[in-house]
Structure formats: C-alpha cells, structure tokens
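The two complexes that follow have subunit A in common; it is paired with subunit B in the first and with subunit C in the second.
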Partner chain A sequence: MSFGKNVIEHATDLLRVLPRLTIANIGPIAKTKKKKLSRRGDARGSTRGLGKKPRTAYFAVGSETKKMPFFIKFPKENYYKDYMFKREYPPVSLVMLQTLIDLDRVDISKPIDLAAICKTGLYSFEPSERHFGVNLTDEGADIFKAKINLEVQWASESAIAAIERNGGVITTAYYDVRSLHILRNPQKFFEKGESIPRRLNPPDDAVLFYTSANTRGYLADPEQISWERLVLAQKYGYKLPKLEDDPDYEMLMQRKDPRQIFYGLEPGWVVNLKDKIILKSIDPTVNEYFKS
Partner chain B sequence: MLKILPSYLSILRSCRLITKPNNSVDIIKRYSSYLSSKPIPKDEDLPKYEVTNDPKEWEFVMRLLPDKKIPEVKEKKEYPSGWKPQKFNPNMPYAIQRTKNHMIPIYLCISHNNMRRITVIKKIHGDIWTLASDVRNYLEKLNKKKICVKIHEILGRIEVHGDHVSNLIVWAEKRNF
Partner chain C sequence: MVSREPLKTGTKADIETVTENVTNTDVDISKTTSQSTISVRNFKNLPAYFPTRKIWVENLDTEETNRLGIINLHPEIFGARPRIDIIWQNIVWQRNYKYINYKCLPAKHEIQRSTRKPWPQKGTGRARHGTKRSPLFIGGVKTHGPRGPRTHFYMLQVLQRVHGLCSSLSIKLAQDDLHVVNNLEIPVNDPSYLLNLVETRKWGPSVLFVDVDDIMPENISIAADSIKHINLMPVYGLNCYSILKYTTLVLTLNAVERIEEKLLEQFYGPYVRNRKFRTSQV
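Let's turn to the complex of A and B:
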C-alpha cells in the first residue's frame, strides 16, 4: 500500500478546515446510553383514555356484516394521491366578469389579465397555497355580451365559446409562483426597486395544456388556434365574427411574450414610481440573461 | 487531491463541498462571518443602465396601479349581468342605500352549524317600521306561513328569520332601491 500522503497528514489537513469543537458538535459515545425500562402503568393505562366502555358492543372499523370489507375489496384508492402538491385555480364565472364590466371595474378597451382582475379587489388568491390564478367557468355563458381580450390561467370549453361568440379573444397562460406574487400586487413590487423578473416555463404536467390550441394555450401555434376557433364555432352553432374587420383589431391582437409578466414592460427593467422613470440595462451580459 | 476517510464523511456533510471536473474536492469558506464575506462592488463595476422617460411606456405602469376610489357607474343602454341602477323616489317613506360596490345590502347569516339562517337588510333610511311590515306581508304571501322580523331602529337594519335573500332582492329591485 502506498499513499500520496501520510494518514496523520490527512487528519491534520482536515482538522484545519473542519468546524471547531463546540457544545453543539459533541454527542454521547455510542452504546453508553441505558435503555429506559418501563414500569407497570407507564405504557398507557388499561382503558387508554377511552373510559370504561364495552368494546364488543361496536363492530370493527370497516366491517360490513357478512360481506367482504371495502378495504380488502378495493385495495388502492388513488383519487387523492398527491393532492397536497396539485395546482389549484380559484374560479371566476362569466357572470362575475360581466358584472365587473357593467360596473366599470374592468376596462374593456385594454387587454384584461390577472393583474386587471386583482386590481378590482373583488378577487383574491393565495400563491403560497398553490393557487395558480383564474379558472374561468361557464356560469352565465348565455348572458355574456362583451368583446374582450382576456388572459386566464384555466378555462373550460364552453367558457371559451362564450367569449369567442361575441368577437373576443381568449388565451390561457401559465405564471410561476414568484410572478403570481408580483401580479397580485404590482405596486408593492415596484416600491421594492427590484428589476422585473422573467416568467418561467410551465412544469411537465402542464405543458400539454399550455401548448395545445384546443385550450388556447399561449405556447400554441397561432395558425392552429384560428383553425380551432372555427371548429368550436361549428360545434356550438354560432357565426364566428371576423377579427380582421374589427375596429379594435390592434387591441385584440395584443399578447404577452412567454417570458413577459406585464403588458408593455420587459423583464430586466426597473420602475421608479416616485420619479416616474424606467431604468433599462445596457450591459450585454445582463440583456442576454433576460432575453427570451 | 484529497481522499476522504469514511469516518469523517458524517462531519464533512455539515460543510459545503464542491466537486471539480478532475474529481478533487474543495471545501468552501463559510460566509457567515463579516470578515470573510465578499466586499460590495464599486459603482463603476456594476452593470450600466440608461434612464428613460417615455410617456407611452409609463401608461403600462399606470394601468397596473389600483384606483384610490371605486368608480361611479356610467349610464348604459343595457346591463347584461342583471344589475340595475338605483333610482331615488321621494314619495316612498323609506329607502335602502347601496353599498360602496353599488350592490343592494341584503345578506344571509348562517350560524349554529348551518341550522339557523337569518337574512339581514342593512342601510335602511326613513320609516323602518313600515318597511318591516311590507317585507313581512310580502314574504308571508309567498311562503304561506308566519314569518318573524326583528328591527334595529338605531342601526337601520332588519333581520328576517329564514333564507329569503333572492326573494327580497327581487322585492327591492321592483322599488328601484
């Protein structure tokens, strides 16, 4: 056996770098602790806090008389598997959206996104509790009459049809947790003086939803989306209004970049609310990081 | 290069390690001490930036900031959501004021494990006693049974026993409240 260094040299080299001996590092020597013997009555009493009750008066849990118990019949129930890690989307119905428009809480002349809905103060969600934005539901699809450019995080098929019937446009977009915190209260973020971060890409299990034209995903091919708009119009039986002839064509065509959080503001910029100034970096390495 | 003995592995885990491409190990300095922390770079070394003052870009910022006041509703031909604007009638002995969100203040209070349901009408002005009798007569005709009403004259508020929210909102909208 031949070492490059002596064993003692290795040990002294290590000792120089290792943390010093403190009370936190010291522990008891192995196999010196005695096992505590339990005396009579230490390991719970006879009734275990339940009182004097005749146990035989009740059936065992899960037993159905003269039947196969359900937990043997159906050995696995995976309905709620990983329920604590799944994404949630608190709903906004089309009736609620229509009342917001009727009461002038939301401006139709500009594109509506999550920040515009949160601005009203009538919708709240908690990103720390795995809430990932708006789920547009179809309640009140028949009464809905507004031409809007809407961006939500989840939408049902009939809700998409209700908006496109009135000449509007809808996209479903994903936001990561940090950008959701920013969208919920942009003023609080600007006051911090931080640069606007770039939006992250969707996780593996959400990629299919946000890239398919069926659900109007923001990463889908725009030519496929225009085809799917026609398909949905024939399925629900309404005449699809032409976007090209619309006077608000420019507003309806406004979309965010996949790396963008706000309309018109690019990632990497710093907004100064006090002096009404926007700071942009000229440094090529910084610009390449924020480039989409 | 540094070979790690297995007995030291458990101690080394508390330190931060980095493996280099040639499989040698570096033990990083801990930056918890103020002496060992990195100095702040000078302004000349920081990335450069330009200051812009474009009003077109500033519009996008103003769009995100919340209104300080809830806006008043503009007059429209129709309201598809079913909402109706309030109209003041001086001949009526009583009136119900709208909330700050322009809605009728009729609510349902549930208590006692969903067993007790009480509808509350708030922000009542004028003769509260005639309003209470009108509400009682209207609901007794609909439900064909006796209905209890509790009146707070000072608060301007009425509590009706049972769930009558949707009926009372229809009743209030007929009177343009």
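Let's turn to the complex of A and C:
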C-alpha cells in the first residue's frame, strides 16, 4: 500500500486477498442488528421490592434496591471459558518413571516414547476426551537417576533439568488424535492392515511450545537446544554431562521425523503381523504424499 | 484464506505492447480478430481522482481463451466503494419481498366452543371465568397469534439498489470473477463444449452469462439448458443475489454498455435533481 491511494483502492487491494464474497459469507454490519426486546418483568416499571403490599415485596433475582445489580457491577471473570476445547495432558511424575524403570517395565536401552509408556499398562489416557499424551511433572526430581532418551508431550522446566542432569535427553512432541489412538494400541492398528498415516503438524496455539528450544520442542533448532541445555544447567547448578563422550551416544541422538509416528517405521508403510513382513509402496505419487 | 490465481489480465509486457496501439477513436472489438487492441471509451461524466478500471475482452469461439483487446470501465460502477452492508440489505430485500406468511390462527370469535359461562361466579372454589375461549384455556385463543396471509413485501430505496449493484459488480471485478466477452456465439450446441470451456479457463464452477437481449443465440441456449450451474440472463434481470450466487459473471460488451448507461442515469440523469421530491420511488 503506497502513499496516495484512496479508500476504494485500499478496499480493492484487500478484497483481492480475501475469500470470494458469496451469499454464504455475507452479513450485516454490527450496528444494523436489532436490539432484543425485553421480556415481561425485565422492564424497570415495577416497584423493585418496595411493594405496596407484603405480597409484592419480593426482590427480583440479583436486584438490590436503588443499586446496580452485582452481576452488572462486577466484570465477568471467565476462568473456564472454552474448557471443553482445551488440550489435556494426563501427568506422569518422575517418581513414577523411576519406578517403571526399576521394575523393568520400560527398556532404557532404547528411546522411550508414548507407545513405550502405554505398553507398561500403568498409564492410560483417552484421546477422544482431548488427552494429548504425557505431561512430565517434577515430583521426585531429586531421586531420579536414569539416563534415558525420553519423548513426552509436555514437560516442566525442573523435570527437563532432572532428566538432563543424569545425562539423558528429552523432547516434547505433538501427536494428533489419530496418531495418539495408534500409539496407544499399535497392535490393534496393525491388525487393521492400514498404512501408517503421517503425523499432523501442531495446531496454532501449540506451535510456540513445540518450536521453542527452552521447552525442548521437536520442531526447534538443534543448536538452540544445545545452548538452552547449557543455560538450564547453570540455572539449576549441575554439571552437564557431555553427550559426545557417552557410550550410548547413538541411542541418545535418535529422534523421530516430524511426520513419523513409530521409531523405525515410516509413514505409508503397511505392517503385516501375520506374515511378519513390512510392505512399502513403490508408487511415486504415494511416496510423494507421505514424504515429510 | 482461499488461494487465488494471479491476475488474469495478462502480464505487464502484454499491456505495454497493447498501449502502443492506443487510438482515441472507438474500435469495434467484435470485428477485430487476433490483434490486441485497446478501446478507449469516452464517458460523459467521469469523476476525477477515481481509480481507473480495465478489463480484457475475451471470446467464446474457442475453448482456449483468446484476448481480443482491453476496454476501460466506468470507475463509479466497476470501481465503486465495496459496501458489503448495502449488498446485504439488497439480498435481505430480495429474499423477503416475495415471501408470504400463510400461517393463521383463529381469533376468539372463530373458535368453535361454547360461549356459556363454564361455572358459576361464586361458590365453587374455582377461579372465576366467563368463557372457555379465553387464552387461559387449552384450545383457547392465542394472544397476538399470526393472522395470515401476511405479505413481507417492501421496496428498498432506489439508491440502495443502485449502490448494491455497483458494489457487487466492483467486488466481482476486484476478485477476478468478472469477464467480458464480445458475444455469446459458440460453434456447437454441445453442453460438453461449454463445460470444457469453463474448465480450461478456470471459471466457475457456476457461471452466469449476461446479454442485452432476452432471446439468446441458439447454440449457447441449447448447450446451457441441460447444465444446472451454467445459466443465461438478460441484462434487465441482473441483481445482487444472482451476482453473488454465481461464482463467475460473464458480461457481453453490449451488456456492459447497457449496465453503465442505466446505472449512470441514476447518478447523472435528468430527474436526479428532484429525486427527494418524488412521490414514488418504485
């Protein structure tokens, strides 16, 4: 938009990038809406509690005589607005994770993801009730002593520090609802004979969390993450173990592709449990679709 | 947000080559063949400081588009201020004026029920009533019930209708959904020709062809007859609802001139000065 354009040119420029105007998306401007008529008893014509007779001397609900009603006087504080649409992350504490490791419920020689935690049988979540995976809480951060490659969906700062203090790595990753259903019970999915779908990108309100390095998001820049690891170590006062010198360096460096659901399995493949084979597509158009 | 195609009005280089052949005399575009020419039309009332609008003239002879030239459009009609609220008023009016509410409930005297006092005034212990037709009784009269048939007809003001048409035409042009053709002649009366034409030019899916006469050329009439989403309309039937209902609007050159003539009459016509004293605005 340059200097010297009039209102019509500005409007025309705007219309070129807006959706096509149709009967479906047209509407009146806000002022033209009619004011809703008040119902019987809403009008202030009555005696407002100062009745002529005892029979009429009742207050209307919320009415205080000659005062502004309380529900108009104080602004609304909508704590629970849209609570039914918000994502939930059922928690897993570090104590619970340590217990799972001590009882050999999870194998720490491999990367631990949501499927591995579900496989223990001690963690349950319901994707259809807006549960989007594990929230790692910091309960038992002091007693946690295991070197793991962990992938959760949400984590607090102190929980991240507890993992990294012991030489482990942690990633927060987003899974869409269909991927969560698959991860919760992979066998059930493989028995259907469907191809593994690709993981969807996070929604708008979750992009910031999963792209920022200080939350160890899976879409963040790896160099920034290594910087943030150092910053966190200094903040919590521990010496950061060197990953390069670790004997399990290759295991600790394993990450999933942003489109990948399982370690070692790519989207588009079909797993046949009966014949114990994996079927891969050779059709270029199919491969193009599943490519990340 | 809908992804939109780039401007259909040619590349910058095209326009530059065209402007070399500018002639001040009017060019009859319907007779020119493949050579691109610009037709500068001289308008009587051209307001200063309004953005100029230009559009390609296309053909319908072939499925592939063949640009025959550029014409300039009147900025008050095809470059008007896009008043979406006025278009909305027009659409509400078009929906309502033909609607009749036939719903009717009986009045108190029309209910077939005894006029006798149901029970004595005193002594029964029950509430006092004079008739069972009262709204307090089930089957009684409905207070302020509908008494149809009632028409919802009203007339929108002339200028609201004029501005509604100007705004909707300007929006169609701004969003690349308006096309101008030299005439509606197509070589065959096959519906598939029309469908292929619309698909290759990336119009539509729904297309409205507008010409001056209400007797259209034979081939396009037969071809469009069996396609539900491609329709023909004479220019006197053009309205806001149809312009927005169809994705693409295709005007002939004659239709463009008739639209400009009729709408400019409302702005600069002889009776405009006395408009506020007119008794009838219909």
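One rule holds in what follows: the second predicted complex is superposed on the first by the 220 of 292 C-alpha atoms of A that agree within 3 Å, B and C clash if a C-alpha of one lies under 4 Å from a C-alpha of the other, contacts with A are read in each partner's own complex, and residues count from 1 in each chain.
The definition used in the following text is that a residue touches a chain if its C-beta (ideal position, glycine included) is under 8 Å from a C-beta of that chain, and two chains touch if they have at least 3 such contacts.
Only a predicted model underlies this, so the values are computations on that prediction, with no experimental measurement involved.
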Subunit B versus subunit C as contact partner of A:291, first or second or both or neither: neither
Partner chain in contact with A:277 - subunit B first, subunit C second, else both or neither: first
Which of subunit B and subunit C A:20 touches, first, second, both or neither: second
Larger contact residue set on subunit A - subunit B or subunit C: B
Contacts of A:9 with subunit B and subunit C, given as first, second, both or neither: second
Which of subunit B and subunit C A:235 touches, first, second, both or neither: neither
Set intersection of subunit A contacts, subunit C complex versus subunit B complex: 17-19
Contacting residues of subunit A [partner subunit B, same complex]: 4, 10, 13-14, 17-19, 95, 98-99, 101-105, 110, 115-116, 119, 121-122, 140, 143-146, 186-187, 190, 262-265, 270-271, 273, 276-283, 285-286
Contact set on subunit A toward subunit C in their complex: 6-9, 11-12, 15-23, 26-29, 32
Subunit C residues touching subunit A - in the complex, by the definition given at the top: 1-2, 4, 49-51, 79-82, 84-85, 87-89, 91-92, 168, 170-171, 174-177, 241, 244-245, 247
Footprint of subunit A on subunit B - complex, ascending: 1-3, 5, 8, 11-12, 14-15, 27, 47-54, 57-61, 63-67, 70-74, 76, 79-83, 101-102
